[in-house]
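Here come two complexes built around chain A, the first alongside chain B, the second alongside chain C.
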Partner chain A sequence: MGLGQILAKRVGYGLVLLIAVLILNFTLITVAPGDVADSIAGDMGGADATVMAEIRERYGLDKPFLLQLWAYVSKVAFLDLGYSYFYNTPVTTLILEKLPATLLLVFSSQILAITVGTLLGVMAARKPNGFVSMCVTFLSLFGFAAPVFWSGILLIIAFVSIFPIFPVGGMSSAIMEGGFFARAVDIAYHLFLPMVTLASIYLALYSRLTRASMLEVLGSDYVRTARAKGLAENKVFYKHALKNSLGPLVTVAGLQFSAVMSGAVVVEAVFNWPGLGTLALQSILARDTPTIMGILFFSSFVVIIVNIVTDIVLRLIDPRIRSS
Partner chain B sequence: MSDTMQPAQPEPEIQSTSPLREMVSMFMRNYAAVAGLVLLIAIVLFVFVGPLIHRTDPFEMVWAPFTFPGQEGFLLGTDYLGRDILAAMMVGGQVSMAIGLAAALVSVIIGVTVGAFAGYYGGVIEELLMRFTEFFQVLPTLLFSMVIVALFGASLLTVTLAIGVVSWTAVARVTRSEFLRIRELEYVAAARSGSARDLYLIFKVILPNALPPIVVQANLMVGSAILFEAALSFLGLSDPNVMSWGQVIGSNRPYILDAGFAVAIPGFAIFLTVLAISLVGDGLNDALNPKLRQR
Partner chain C sequence: MQRLIKTFVATATAAALLASAPMAQEPKRGGTLTMAIQQTPRHLNPAVQSGTATGQPGTQLFASLLRYDEGWDPQPYLAESWEVAEDGLSVTINLVQGATFHDGVPITSEDVAFSIETVKANHPFKSMFEPVIAVETPDENTAILKLSKPHPALLLAMSSQLLSIIPKHIYGDGQDPKSHPANSENVVGSGPFKLVEFVRDQHVILERYEGYFEKGLPYLDRIVMRIIPDASTRTIALESGELMLSGFEENPRNLVRLKKNEDLNVSDVGYAAIGPVNWLAFNTQAESEVSDPIVRKAIAHAVDREFILNALMLGTAGPALTGIHPGSPFYDASVEPYDLDLDKANKMLDDAGYAMGADGTRFGLTVDYGWPTMKPFAEYMKPQLKKIGIDVTVRSSADFPTWAKRISNWEFDMTMDNVFNWGDPVIGVHRTYSSDNIKAGVIWSNTQQYANARVDELMAEAGSTNDPEKRKALYAEFQKIIADELPLYPLWPSPYHTVSNKSVGNAPDSVWGTSSPLDKVYLK
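Now for the complex of A and B:
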């Protein structure tokens, strides 16, 4: 199969998954106690039966389930996720406003975790019983067991409360002057702590993974050949072994992505980062169902895209998968 | 006394060949796992026996808010309402552990069922079930459980179910791959030729032999369920009338800068518990899969 065909297949499957997410969304809203009419009536301070019926008719809540579902899915197909009663804005606009902040946090932390994690893993693999190796083992235990918000809070206590170097939260300073560059620096300054917090969990995972797969690759024949022909140890490590141990790393990074999105919700809450997670939390507290459902849909959408990209990258870096 | 006169002979150790005994001895040789087990027992004692000794109501206001740990006789200080944090750690730990166990049980039941049927039947059933599993992997778990809790209300039951429903996919994958392996083995073929029914084969013949990796996974599930509950409570999505470690963190969160300890202490408790559980899990993994140990 060519790359194009595989891509088409993956995209098609992704669309099926997205529709499944929508159906799940809609079923959950329908099954849950209370509906839009209830919450609108609640905001109005109560309404009698005829008004309630009127509201239900206006929002199409009196129609059969499948018809409502069809209306919902076909609306979403045109990127119309409904209207937020709480923010008085279309949900799609609301989400697109917040999405860049979340993507910035998620991708920067993943890049940090993958680079530093790989580096640590390689160093650990050079001396499997050495100091770095011990640190990696320790780090991976810590990374699994430490709650995300806890490490975030510890960082706040350390770098905001005790040594006030970093801002306590938010994405930019209140008063902002200067051009693009000054703003970018300001955002990076605010990004640092949340990024490190979110990266810490995955740093642990990736370093352990790299260590394990490097150790496995280092035992293989072609590494022995490379050494036998007198290649410098550095070259063997970084050119021959590392390149081949990246496969599992990419696979896991792709698989982990939905977990990363979940972690971002908590990190955003800790640092008041104005992204999707903060929006999700606010809309849950405000019982703003269309927004919550829109966020769940959009996050799944991002995860699906990342999974497709991972798949393609894997095929590009590993000829063995490409041919199969 | 005549024993001492006999020449030293290697004693035949017949008992040590029992698989359980072998497993226990292998576990005991793993110092990290034993340390984890000791830590876990200590935490369980603290949480369940502690309240019998330290009789303070965790909801009662006992002193000025934000008393620093160790001052005024409060070992772990007081929270933003002047409630004793030590008492909250004990009583809250019971809830955190109970939710962790119950949610892990839910996810194991779903995961084992899905994985077992997928691995046993193969073909279209496997394809469908694994697509179903993939679908759940696409949903960001925390967001999904936040939605469930938001829609159905924050009670112990919904929180437990919400955690269980989103975290079974790993169990399903492990179970499936074990079933795929075991269903080809001879004793399964033998049982099948004895005209055993499918359900009997799945739950009585294959499942018991597939258990070791599932047990390890289930153990890890308890840890991640505790973390999950803490994250939900931290976000304010837990039953406010029930004290749990996450609840203490969530309610003291606005005051991080004034009294970081009120948040750091329960976080540390969660950290220690999950650490102990994962150390025990690693030990179990090594003890149950002797092949892996030789790596």
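Now for the complex of A and C:
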């Protein structure tokens, strides 16, 4: 199959998946007891009966479920994600406002996890029974076993409360003097703890994976050949072995993307990071159906895209997939 | 001799200066105050949105006609003076001279009339301005409110976040004020601070309005309100000095911890007008035994309020014996308190014919709670009521709307609940007991389905007289009947505290807490 064909097939699957995500989630949210009128009233310390009835009528919550579903799906078909009941703002605006923060968190933590994870994995693979290897195994087990919210809180206690090095939360200082560079430094300063927290799980995963995959590759014939022809050990390691053991890493990193997105929700809540996760949490609690739906729609979309990109990257780095 | 006198005078002056220094510190102008709010506001216009998330920035952006001090005394604000007519059917308001909106347009009586109409038509608390039938504007600085009956809640309803004076030339453009774009962006307010930036889930930044009508105020250059929903995060930020002020703090464990910090002032002054009361509510029309007043009284005798106050609230709150907040002038502490008495409770149930079964239970009831902080109190009911033979099932709800739906459709026996007084009983108390406010699907209406003709009568009377002594007597009888029939068992007021860094002067102490203008706050 050519690249074009595969791409077409993937995009087709993606569309079907998106529609399924829409219908399933809309049903789930509508079936849940309570509605946005309850949450708005809760927020306001109560509301008069006429006000509640007005809110329900205004957002069509008094209409039958199938009508509501139809109204929503037909709007989304024209790429209109609707209007947030709770924030009084178009959902697309809300999502675009929050998306950069989440993407920054997700990508920076993935880059950290992949580079450091690979490095540790390679170091461990050089001496599989050595001290470094044991440390890496221990660290990765710990990182994998500790829930993110817990390790996040531990980091806050350590580096905000006991040793006040980092800010307590948020994405940037509210009042900033200085230009682009100063702002970037400020955001990086706020990003550090949440990024490390989110990276910790995946760092564990990737280092284990690299170690296992390196050990496997190091035992193969062509590595023996390379060594036999007198190639320097470093060259054998990084040029031949590492390159070939990256395949599984890319696959897993791509597949894990959806998990990272959901991990980000928790990390955002712990660190008060103003991203999609915080918005998702708030809008679920507020029963703000259009916003929840918009976020789910958007995240499904991003996950599908990343999966397609992973496929393509895999074909680029591994000729065997290309030919099969 | 001359020299001696000189020295003496100098010493005396120095001593006097030293003695008076900590007492009369001159407020200083300038500086940025960083404070926390706990939630992202839906928008910033309190005229069409209730709740403290909007109220805290909203009362900086918009001035009201009156303001209240910590002793429930109305003070002039945008209204320089006001006069309630002898018959209580009209109120004349004289505005201060020279007040302007943030765009420089003068604030006139037209704006006052427009604001009252907008609030009356859009605010969730309909009872605030219901009796106001017309607002006359004989000249630019005078507004006369015409009432259908005397309305004792009116003055409170003209303060803090309940009546924001909004510009007619902005909001009167025909758009729906509830979703008006100027509610969150380019806000043109009338208060001491104007909006610089509102970023959802991050912060609201305000800066001094140079044309503010109170001369020399506000002291602060800027207020940064950071939106931090997590109580522990706020605690750490207060400790580290990243935050200088936070209102509405109520988590007992955090309060105890913050009180130990020498850099912080932790004050419980204020908030009486917010008036949050926690209680165990009963569904008086339930199919279960809880519809019997004797059962409710037995439960009240079995619940140990002291245990709740000391062990669960860690001593941060006092008791609330009635549904009116203990800080209110109408609170009557002489009602039956239902002190802990398990023997009496058991005997009451025995006498009423609820026989104890062989397994030590008489009957089963459910208790609900709507949000996580209420969980320990609901759970406490289970072992405690077991002691009088009631088998309690604690029902949790996934989130607030789930709980609200259950309770507002009367699908419950008992629930932990927290309801705000919102100033005058007419606004926040009557709704809980009035028999014509039993409305399906409306949370914090009369969800107890309680009906008593005498109670309705007392509320109607107390709601239409301006005589405070008469009202006090009426509310005393009202509280006595409620305590006797127990549609709900009041337990404690939420211990709202204002936590401020010692560098903050004039920390807010009004009955509205931090939902009041911070124009007199300064940094030492």
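Convention: the second predicted complex is superposed on the first by the 281 of 324 C-alpha atoms of A that agree within 3 Å, B and C clash if a C-alpha of one lies under 4 Å from a C-alpha of the other, contacts with A are read in each partner's own complex, and residues count from 1 in each chain.
Throughout what follows, a residue touches a chain if its C-beta (ideal position, glycine included) is under 8 Å from a C-beta of that chain, and two chains touch if they have at least 3 such contacts.
Since the structure is predicted, the reported quantities are computational estimates derived from the model, not experimental observations.
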Touching partner for A:Ile284 - first (chain B), second (chain C), both, neither: both
Touching partner for A:Ala228 - first (chain B), second (chain C), both, neither: neither
Partner chain(s) touched by A:Val265 [first = chain B, second = chain C, both, neither]: first
First (chain B), second (chain C), both or neither touched by A:Asn88: second
Which of chain B and chain C A:Ser299 touches, first, second, both or neither: first
Which of chain B and chain C A:Pro33 touches, first, second, both or neither: both
Partner chain(s) touched by A:Asn307 [first = chain B, second = chain C, both, neither]: first
Touched partner set for A:Ser161, first chain B, second chain C, both or neither: both
Chain B versus chain C as contact partner of A:Pro147, first or second or both or neither: first
Residues on chain A lying within both footprints (that of chain B and that of chain C): 32-33, 156, 160-161, 168, 269, 284-285, 287
Complex interface listing, chain B residues touching chain A: 134-135, 137-144, 146-148, 150-153, 223, 227, 230-231, 234-237, 249, 253, 256-257, 260, 263-264, 267-268, 270-272, 274-275, 278-279
Residues on chain A engaged by chain B in the complex (per definition of touch): 17, 20-21, 24, 28-29, 32-33, 141-142, 144-150, 153-154, 156-157, 160-161, 168, 255, 258-259, 261-263, 265-266, 269, 277, 280-281, 284-285, 287, 289, 292-293, 295-296, 299-300, 303-304, 307
Interfacial residue positions of chain C with respect to chain A in the complex: 32, 34, 39-40, 42-43, 49-53, 124-127, 178-179, 183-184, 199-203, 205, 222, 224, 226, 228-230, 233, 236-237, 239-240, 242, 398-406, 408, 419-420, 422, 428, 431, 437, 439, 441-445
Complex contacts: residues of chain A adjacent to chain C: 32-52, 86-89, 94, 97-98, 156, 160-161, 164, 167-172, 174-175, 269-270, 272, 274, 278-279, 282, 284-287
